[in-house]
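Shared between the two complexes below is subunit A, which has subunit B as its partner in the first and subunit C in the second.
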Partner chain A sequence: MENIQKRQPVNTEKSREKENNSSISKESNQSLSKKGNQSLSKERNQSILKEGDQSISTLDVFLEKTGFTPVGLLGVILLLIMPFIPPFNQEYLLRWLIYAAFIAAMSVGFDFTAGYINIVNFGYAAVMGYGGYTSSILAINLGLTPWIGILIGGLNSAILGLIIGMISLRLRGIFAACLSWFFGLALMGLATKLVWLTRGPLGLRVPRMFATESNIPFYYLVIILLVAMYILCKWVVKSKIGLAFQAIGQNMDAARTSGINPVFYRVFNFTLSCALAGILGGFYAHYYAILTPEVMHTSKTVEVLAVAYIGGRGSLWGGAVIAFPFIFIMEIIRSTLSNLPGLNLIIYAMLLILVMIYYPGGFSYFFDTHIRKPKNKALRYFLNGRETSAS
Partner chain B sequence: MYINFKAIANWAKSAAGITITISIAVALYATINSGPYVLVNTIITGGMLALVATGLTLMLGVLNIAMFAHGEYFMIGSLTAFYVFTPISNYIMENPDSFLVIIGPVIAIVLSMVSGAIAGVISEKLVFGPLRRRSTDNWVMNSFLLTVGLSVLLINLHQLIFGADFKGIVRYWGGMPVSIAGAFISRDRIMAFLISGLIVFLFWFFMTYTRTGRAIRAVSQDATGAQIVGINIENIVLLTIALSCALAGVAGGSLLFMYPSYPTMGLEPLYMAWFVVILSGLGNILGAVAGAFMVALLKVVTVEYIGAGWDFVVPSALIMLILIFKPSGIFGSEVRGVLDK
Partner chain C sequence: MIVLETKNLTKQFGGLTAVNAVSMTLYKGDVMGLIGPNGAGKTTFINAITGLNPPTSGDVIFFGENTTGLPPEKMCRKGISRTFQIPSPFPKMSAIESVMTATVFGNPPGTIKDPVAHSRKMLEFVEFPMSEDVISEQLNTVQLKRLDLARALASNPKVLFMDEMASGLSEGELLDIMKIIRKITGQGISILMVEHIMQLIMAVCNRLLCIQFGTKIAEGPKDEVANDPKVTKAYLGSNTDEKNKAEELVAEDN
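What follows is the complex of A and B.
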């Protein structure tokens, strides 16, 4: 039964850290047990686990497969009906919603790198812009439909991520962050200077994805992208690869000694997260219909970073949840106090500083420690899903 | 006289030797090809960069803070210099024979240095101190993200309080430009270079020969060991932040005539200073000075031969290449050891 206990939901940040420290040894245990005679007891444990699982409902299976909790599923349903709830059915609020969902999806991809292998990809916005430029240039010059263009943009960004991952391999922590940052600066400089291709600071006029004036199809598209990206990242993180990511993020040398090859995992992580950024960049370009080098600026990365960190690093969902109230508050402050420019940015910088100093776990840590463990059993199921599933 | 040719040959084969030789060759070629102003621009930009980059490398070496907000102290310095020098220059307009003609700019520049130091101490007391007392796990990354927040905060405070327009002055010291080797150089540029040279020299002297400077270096090598031999870490930390922010502030103040003050002005010196720090490795003040001139040369040559606007692309590409082949920088040796605790 020891095995089952290990599969208990990793609820709090602290317990997760402990888990991470032990995960390295666990990894080595697993590799050892392949040869040793521990494997027998292990298989028995797994068979017990399977027998215990037979009474679960289809909803649970679905939740387990997608990595959602019931409350998360409810949140997605709420997002899906959001455009029909009165205050949000106005077009300008819908635009805010789309932007919030876009930032939420960005923060999922960003947290996939920053929260797990502990390298801040400081050129994330530039990678996003690169994907957007790829897609729009294809659409303008070759007349390619945006649907394929977005995918090609994602692929192109994935190649870029592969390159960044490869060349940052020898560097660690802050130096890898600097390298991706310089990469982003170089890309932004290129986008500004290659005027014959990108029209430089004037901006590229991009065909929109749907021919309508309405924002609703765009809204559903970005929600689908957000959910799909979350499921994909969660799926990777829940698998054995995610464990390796965490081991590398905690202590690379220890991870290497226990037989994890950091080359593959780090490059894979960069490639995937950059591919997601590229797809989102394509969406951004074909929604706003104009693309300037400004979108690749470091301040855009900082915005995503603030959302991801206030939401809670290493949780994936934290940033996605916090993006909606965050963007709304920022937009409300900006539109009501327009005579005080920059006040919203001051507030978000203060928030980032306060969170970093006094509450480094962010929103997801708060949720996990204070809200997630009520006494009531039904409520507990509602918040956590089935007990043994990793949330 | 015996010259050790072998040692020289070895040095020339090392990364530092190769880069320095190539940069000198490029500088000479560009000077002969396009005129001496290339060299002049390089030296002035390099002097400014040396100030900002030594502050940055000091922060990294002693406190392990990868400063993203260092450009904002540059901005604070230039803002102070603007608000101090504007009334002085109005006074000079009315009384052209006043002693302030010579002393006025010096007052502004010194005050910009002081304001940088004060801003550094305030940010240590309000931001870095609380984080250090709370937890030092994963310190490098956390403090880096903290400085990102600080940077956004300072930029937008500037915009909110002082507005987003350009706040610049025409000149510090008037008078005819000086002719050196056929190139006309304004007196302000010469003074800016002299100031930065003087301050870098004083700083190097302070770090090498005084007791406090040695204490700072001791803390940067081993904080626990320094504490054992009786160095007060808190004071050293405060002093280091004040010093490094003062360096950035004085750079901003003394270059006000070239770069007017506006909210996001700090970004460019920040990028360039990071290039320098990455290029030269950490904790090496003389290395940072040499690296500053190399990056300045790279920038000036790029603008000269490829065009304005490319000065982000080419230096970043080259520095990425350097990072790939020599991750610890061309002068440094233990970058990873310092940062990966």
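What follows is the complex of A and C.
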């Protein structure tokens, strides 16, 4: 079966190449396991079937509902089997993977604001930490289970997002960004100074979510969070709300004279993206089992920002895809050059500057313009899903 | 039938009065030209009516309803839309998406059954010269003005404000715009246009409103206003003034 697939050289080779570029994998050919190949060919067969009868299959309906393209779905499948692929079944690499997936999910939430309503939420990490602290403190002081704590943390962050959204309403662009940044700094200051509650810089010892040493349950949890957040955000931006987001992000005056009420959409956007950050913060706390005010630092936001921007603003998936190779490269640099601390931050900055100057569209723009529209119909389906007219 | 009325509309920025107690009346089917020298307060007047920059005092009455100070999104839903002096596109959106924003959000929910078709119709109406999928930031000023107009029309307005739609257009483009303006009036939409090109004003307008230093100096049928000595003096320059100046110069020389 596999051999037959391999003997249709052009398409399969090509799609595999694409898949290497685009999906969430960064390992080289050898680790593209049997499973990966099989699901790939399955996709292909289905797509050919579809071209034939033109009807909408259940897969298409599923993809449309979830906002995934076949290649994206394949990426998710790959992520799900990742812990069993040789180099990644080691615990320390799994920890990297978890961190990468966490940053990926953060970048989805961040891009939901930065890429659509065009306001950079510089306090995003602080909002995340706020959610984490909420959940941790509830768990420590009241013995609340992390599962509910995380949701309360998300809710709490949502309220914070609502407040930031309301206060920054009259501000545009950079001013709103500054305001959210100051909010972040203030929150971090609170976390440092309220020693009786947060133990300040010493950090809170937080109960872990699963009472096991293994990283695997955490890995699946964060992947579920990533996928769920992506689907939620994608669903919102695909609706007419997304059109309003883009309009107020790109030209406030024209949006208002076109009948869009910016108050509702901006506050809604802030609330949702902060809620996502809060939930992720809860995960972070209950995974690393220690929470210090450091996680709320602006440099954490910048890490997310770098990933989201290099991935491509306004795409949601760009940052999520780039997070994996990016975090791995950073971790490798950090561990091999451990005598040069802070080098990774310089690399962030360099990369970010280079991308902003030479390729402001980021990876998603590159993908959309150079890879996304191949001539081959099956491949095209594989990369785009069923094509719909307009929007 | 009176469509839109302003009563003593005033807009102050700190100590500066940009629009000073301007009252005017716009009737159904009117194409009213708003003229005046640069900095007279024409755009400020439009901003004050459309809510982008609410007035300090005075009233705006739209179909008998006082709409003073309503935000632009509410004005848009009520049926007032506008184009901008400097075209104001959504840079990253395609043409059809830009128009779709106004179609979806500018009309009462549920009134437009097929937003894509409606938006397409608007682009055709303004004779948009490019493909509907072209990204706005790739368009030139003339094309952007068409797009802006299509966006303004997509919310099915009753009154349309056009801010210097024709500035920078060539002779041929001017004729096209005239044709489009006539088409818009044909739909029963009243127009208030700020314009400097007298040729266009005299061709399409039936009434004129002239503002100088934020104060109304004339309003009425176009020929009457155009020949009003105050207007000619303010806007087109005055012969007597020039003569006096020349005489003064000669006197100084001697």
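In this text, the second predicted complex is superposed on the first by the 334 of 391 C-alpha atoms of A that agree within 3 Å, B and C clash if a C-alpha of one lies under 4 Å from a C-alpha of the other, contacts with A are read in each partner's own complex, and residues count from 1 in each chain.
The criterion applied here is as follows: a contact is a pair of C-beta atoms (placed from the backbone, for glycine too) under 8 Å apart; a residue touches a chain by one contact, two chains touch by 3 or more.
Keep in mind that this is a model prediction, so the values were computed, not measured.
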item	value
Touching partner for A:I117 - first (subunit B), second (subunit C), both, neither	neither
Contacts of A:T257 with subunit B and subunit C, given as first, second, both or neither	second
Of subunit B and subunit C, the chain that contacts the larger number of subunit A residues	B
Subunit B versus subunit C as contact partner of A:L345, first or second or both or neither	first
Touching partner for A:L190 - first (subunit B), second (subunit C), both, neither	first
First, second, both or neither for A:R170, with subunit B first and subunit C second	first
Overlapping contact positions on subunit A, where the subunit C interface meets the subunit B interface	none
Contact footprint of subunit A on subunit B as seen in their complex	66, 127, 130-131, 134-135, 138, 140-142, 144-146, 148-153, 155-157, 159-160, 164, 263, 267, 271, 274-275, 278, 307, 309-310, 312-313, 316-317, 319-320, 323-324, 327, 335-336, 339-340
Residues of subunit C defined as touching subunit A within the complex	50, 52, 71-73, 75-77, 81-82, 84, 88-93, 96-97, 100-102, 104-107, 116, 148, 151-152, 154-155
Subunit C-facing residues of subunit A, complex	240, 243-244, 246-247, 250-251, 253-262, 314, 389-391
Contact footprint of subunit B on subunit A as seen in their complex	118, 120, 167, 170-175, 177-179, 181-183, 185-186, 188-190, 192-193, 298-299, 302, 305-306, 309, 340-343, 345-346, 348-350, 352-353, 356-358, 360
